[in-house]
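Before anything else, here is the set of structures, which you'll find just below.
Next come two complexes, and both contain chain A; in the first it sits with chain B, in the second with chain C.
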Partner chain A sequence: MPKVLPVLAALTFALPAFAQHKHVHGEGRLDAVLDKDSVTLELELPLDAAVGFERAPRNEKEKAALANAEKTLKDTATLWHFPAAAGCVVQEVAVEMPKFDGGEHADIEARYRFRCSNPTALKEIETTLFKAMPRLYRLEAQRVGPAGQGAQRLTPKAPVLAW
Partner chain B sequence: MKAIVRLALQSAWARKLTLAIALFAIALSSAVLLAVERVRLDARASFAQSISGVDLVVGARTGAVQLMLYAVFHSGAATHNIRWDSFAAIASHPAVDWAVPISLGDGHRGFPVVGTTAGYFEHFRYADGRALAFAAGRPFAKVFEAVLGSEVARSLGYRLDDRITLTHGMAELGPEHADKPFRVVGILAPTGTPVDRSIHVSLEAISAIHLDWAGGAPLPGVSIPAEYVKKFDLKPKEITAALIGLKSRAEVFRMQRFINNYRGEPLLAVMPGVALDELWQTLGIVEQSLFAVSALVVLVGLAGLAATLLAGLNERRRELAILRSLGAGAGDVFLMLLVEGLAVTLLGALIGCALLAAGIALFAPLMQTHFGITLSLRPPAASEWGLFAAILATGLIASLAPGLRAWRMSLADGLTPRN
Partner chain C sequence: MTLPLLTQIVAGCLLGGLLSVFAAALVMFGLPRRWLGYTVSFSTGILLATATLHLMPEVLEAGLTPHEAFPLLLAGILGFFALEKFALWRHAHGNDAHPDASHCEDHTHSHHHMRLDDGTLSILVGDGFHNFTDGLLIAAAFLADPKLGWATTLAIIAHEVPQEAGDFAILLAAGWQRARALFWNGVSSLASLFGGVIGYWALERALEWVPHILTLAAASFLYIAVADLMPRLKREQQGLGWHGLLLAAGIAIVVFSSTHSH
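So, the complex of A and B:
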C-alpha cells in the first residue's frame, strides 16, 4: 500500500484536468470522507453562487468580491463547526479560484483536511457557508464514513452534515 | 380513580355491541397506519442491507438509480454493456482491492441468471458485512455448473446435482438454451436479499451458451454441443456491471471520478449508499402521501368512536344520573367517559398490532419474492411506538367531546329525563 500512494497521488492530481462536472447555479457539491482519524471535505461551488458573476472581474468591486469569497473559504474556523468532543484540528486548506480561461462556467474548488483526536465523537459537521454566500441555496453532499455511504442535501435551514 | 376505571369498564362492557363496531374501525385503521410505517421501515432496511462492503457499482452511463436497480436488484434492464478491457483496466487500478464482474440477461423460470466469477461468493457482503454462506455444495468451478439462491432452490424444489436449462432473456417462456444444461453444484443460505432469487453461473458459461447464437436467437443450422465449447475462446467480451471494493474507503470519490472520466468508453460509477439515499429522496413524497392517507383513516376511525360515545349518552342519562345520586361528582362522570374512550382506543390499537403481526406472517413470503422486501415480525421500532402513542393521544382527544357533554348533562339532569 505505501508504494501505491505516490501513484495514487499522481493520478488524482492529474484528474481534475479533464474532469467534467454538472454545473447548476446556486447549487454546490460537498464530498466528505471520514477515514480513521482524518476528515476530508471537498467543496465545489459555482462561482455565481459565491460572487454573483461567472467571468473575469471587470472592476474593483468585483475583484474585491472574488478576494472576499476566497477569504471566506480559507477561514476554516468560521466555515466548519465540529463537535468540540471530537477534537478536530485543521491540517490542510487548499482553495482554488477559477482561472477564467474561456469556459462558460466557472467553479471554485476547495479542499480541507482535518485530523480528529476522538473521531467517534464526530457525529456532525455544521457549515456557515450559507450565511456567507446568500446566493447558495443548496449543497448536494455525499459522505463516506465508518457506517457506510450516504447522500444528504444541505440547505440554509439544514446546514448540518450528519454521519 | 380505581373505582371510576372499574365503573367505566363495566359500563362499557354492558354496551359491548355498539362499542365493538367502533373498536373494529379503530383496530383496522391502526393496523393500516402501522403497516404503512412497517413497510416503509423494512423496505428501507431491505434495500440498505442488500449490499454492503461494495464501494462502487460500475456500469454503462445511465441513471445512478437505474444502474443500482439492475446491478444489485436485477430488476429493469441495462441500456449498454461495458467492455471487458474497461473492466480489466479498472480492476487493475492500484486503489482497487477487488472487482467482481456481473453479466445479466438470461433467466430461468422467471429468476435472473447472474454470470460472475467465484470472487462473487468471496467478496459479496450484505446486512452488516455478512458474507454469503453455502447451505449445500460449493461455488461453481467448471463451465456448466450453477449455484442457486435459497429462494430459487426452495420454490422450484431443486437439489444438488439437478440439471437446469437457462432461457434467453427474462421471459418465462423465452427461447431456451436447452442444448447446454447446467448442473446444480451449490445452494446458498438465505440472505433476505436479491441473491436469494438469483442463479449464479460463471462468465464463461454465459459466453458458452451464446456461442451459436446471434442477435438474441439461435443461429439456424449451427449447433455447438456442450462438450465442444471448451475448444472456443470463452473469455467474456462484455459484462453488464461490476462491483468494486477499494483498499481505502477514502479513495472512493477519486476512484469514482477516475471511472466517470474513463477515456475508453462512457462509464458510470455509483456509490451504492449515495444512490439509495437519492432513491429515498425521490420516493419521499410517495411515502409521505401514503402516510397522510393512513393517518386520515385513523382519524376517521376515532371520529367514529366519538360519535358512538356521543350517541350512547342519551341512552345513558339514567345511568349517569344514578351515579350522581350515589355521590359521584360531575368530574367523575367526565373521567368515566374519558376512561371508556381511552380503553376502547387502547384495545383497538392493540388488536391493530395483532392484525399487523398476522398480516406480516401471512404476506411476508409474498413481499419477499415479488418485491425483495423482507418484512420481519419484531417488536415495534421507536417511530412505531410514537405512532401508537399518537393513536392513543388522538383517542383521548376524541373522547373529550362526549366527556364534556356528559359532564354538562349530569349537572343539569335529574333522575327523570325531561324528554
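So, the complex of A and C:
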C-alpha cells in the first residue's frame, strides 16, 4: 500500500496536466481573459478541424487549404463579434500554424488582443469560427473577468461566449 | 408568443399519448385493417427521416463530434435490441407478439375480472416503460430546440399508432372490454407525461447530456423502424404502390416541416 501512494500522488498531478493538453478532433479550446479594458483570446485548434489533415501538405490544394485557414484566423473582424457598445478595437493578432516537425497530431494556436473603450458593455463575444470550419464541433471555453471565472462550451448552435 | 418549455413538453407528451391511443382506437374499431398496414409505412418514413435528418444533425451541432455521436448511436441500437430481448422494453405489434391471438377467445372467461394475467400485464407495463422513455426523449428534444421537440413528438405519435393498435388487439383477444382496454392503454400512455416532466427536471440541470439523449432517441427510432416496422412491410404483398407512397410521404413531411435555418 505505501508503495502505491506515490504513484497515486503522481497520477493525481499528472492527470489534470494531461487532460489539459488532450487533443480531440473536432474540439478546440478558447481562453478568454477580460482585464480592465483589455481582452485576450487564446485559441487552440486541432489542425484537422481547420483543413482535414494533420501532416505537411502534399499538393497545391492542401497548401491552399492551410493558407486559407491562416487567412480565416487572421480575419479578426469576421471571426469575433463584440457588442458595438463595448467599442473594442483589435491590438494584436498572432496565428501560429503547425511546423509539421514529427508527431501524429498538429495544432493551430492563435492569440488575439483587443482594447475596449467601454468594457462594462462587453457582455458577450460571438464567433463565426464554426461556419468557417465545419469540422469543428465545439470549443471548450474558459473565461476570466471582473465577475469571476467559469467554463462554457461553444457549439455551432451556441457560438456565443457570455460573461 | 412562445409557451414556456415545460408547458410545451407536457402538451407534446399528452398529445403524443392521447392522440396515439385515439388514433389506434379509430384504426381498431372503425377503419379497415389494411389501413393499419399503411400507417406502418407512413411511420417508418417519419421515424427514419426524423432520426437521420433532424436528430443526428442536431446532435453534431450541439457539440458532440462524429467520433462520439456515432459509437453512441451504435450502442443505443444494440442497447434497445438487448432491452427488447430481455422484455424490458417492448415495441411489438399484436400479430407478431401473439400469432395465435384467436386461440385466446376460448378462454376469455378467465380474464373477465380485474385480475391482469402475465401476458396483458407485461404488455401494459412494457408499453408504460416504453412511453416513459418516449417522454424523456421528447423533453430532451424540446430542451435542444422547440422545433425539434415538435418533430420528435410527431415521430413518436406516428410510431405509437401501430403499437397501440397492436396492444388493443392483444387486450381484446384476451377478453377485455373495449372501454377497459382503451382506458388502461390510455393510462399506460400517460407514462410519457412522467417521462417528460422528469426528463425536463433532470436535463435542465445537466444540459450537456441533451445531445447524448438525442442520439439515443435517434437509435430508438432507427431500431423501431428497421427491426420492427420494416419486417412487417417486407411481408406485405398488396398495395405496394400505396406503401411506397406513404413511406415517401412520411419522409416528405419531416423534410418539409423542418424550417431549420442555418
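Note that in this section the second predicted complex is superposed on the first by the 143 of 163 C-alpha atoms of A that agree within 3 Å, B and C clash if a C-alpha of one lies under 4 Å from a C-alpha of the other, contacts with A are read in each partner's own complex, and residues count from 1 in each chain.
Definition applied: contacts are C-beta pairs under 8 Å (C-beta built on N, C-alpha and C of every residue); 3 or more make two chains touch, one makes a residue touch a chain.
Computed from a predicted structure; not experimentally measured.
I'd like to know which partner A:S38 touches here: chain B for first, chain C for second, both or neither.
Touch status of A:S38: first partner only.
Quick check for you: in the superposed arrangement, does A:R138 touch first (chain B), second (chain C), both or neither?
It touches chain C, and chain B stays clear.
With both structures fitted on chain A, tell me whether chain B or chain C touches more of chain A's residues.
When the residues of chain A touched by each partner are counted, B comes out ahead.
Would you sort A:G150 into first (chain B), second (chain C), both or neither based on which partner it touches?
In the superposed model, A:G150 contacts chain B only, not chain C.
A:V24 contacts which: chain B (first), chain C (second), both, neither?
second
Determine, under the contact definition given at the top, whether A:A77 touches first (chain B), second (chain C), both, or neither.
So A:A77 meets neither chain B nor chain C here.
Show which residues of chain A both chain B and chain C reach, each in its own complex.
Touching chain B and chain C on chain A: residues 153.
So in the complex, the part of chain A that touches chain C is made up of which residues?
Against chain C, chain A makes touches at 24-27, 137-138, 153, 155-158.
Give the list of chain A residues in touch with chain B in this complex.
1, 4, 7-8, 11-12, 15, 18-20, 31, 33, 35, 38, 40, 42, 142, 144, 148-153
Show me the residue ranges of chain C that touch chain A in the complex, using the header's touch definition.
58, 60-67, 145, 208
Which residues, counting only chain B, touch chain A once they are in their complex?
Touch list, chain B to chain A: 52, 55, 94-95, 247-254, 257-258, 261, 271-275, 277-278, 281.
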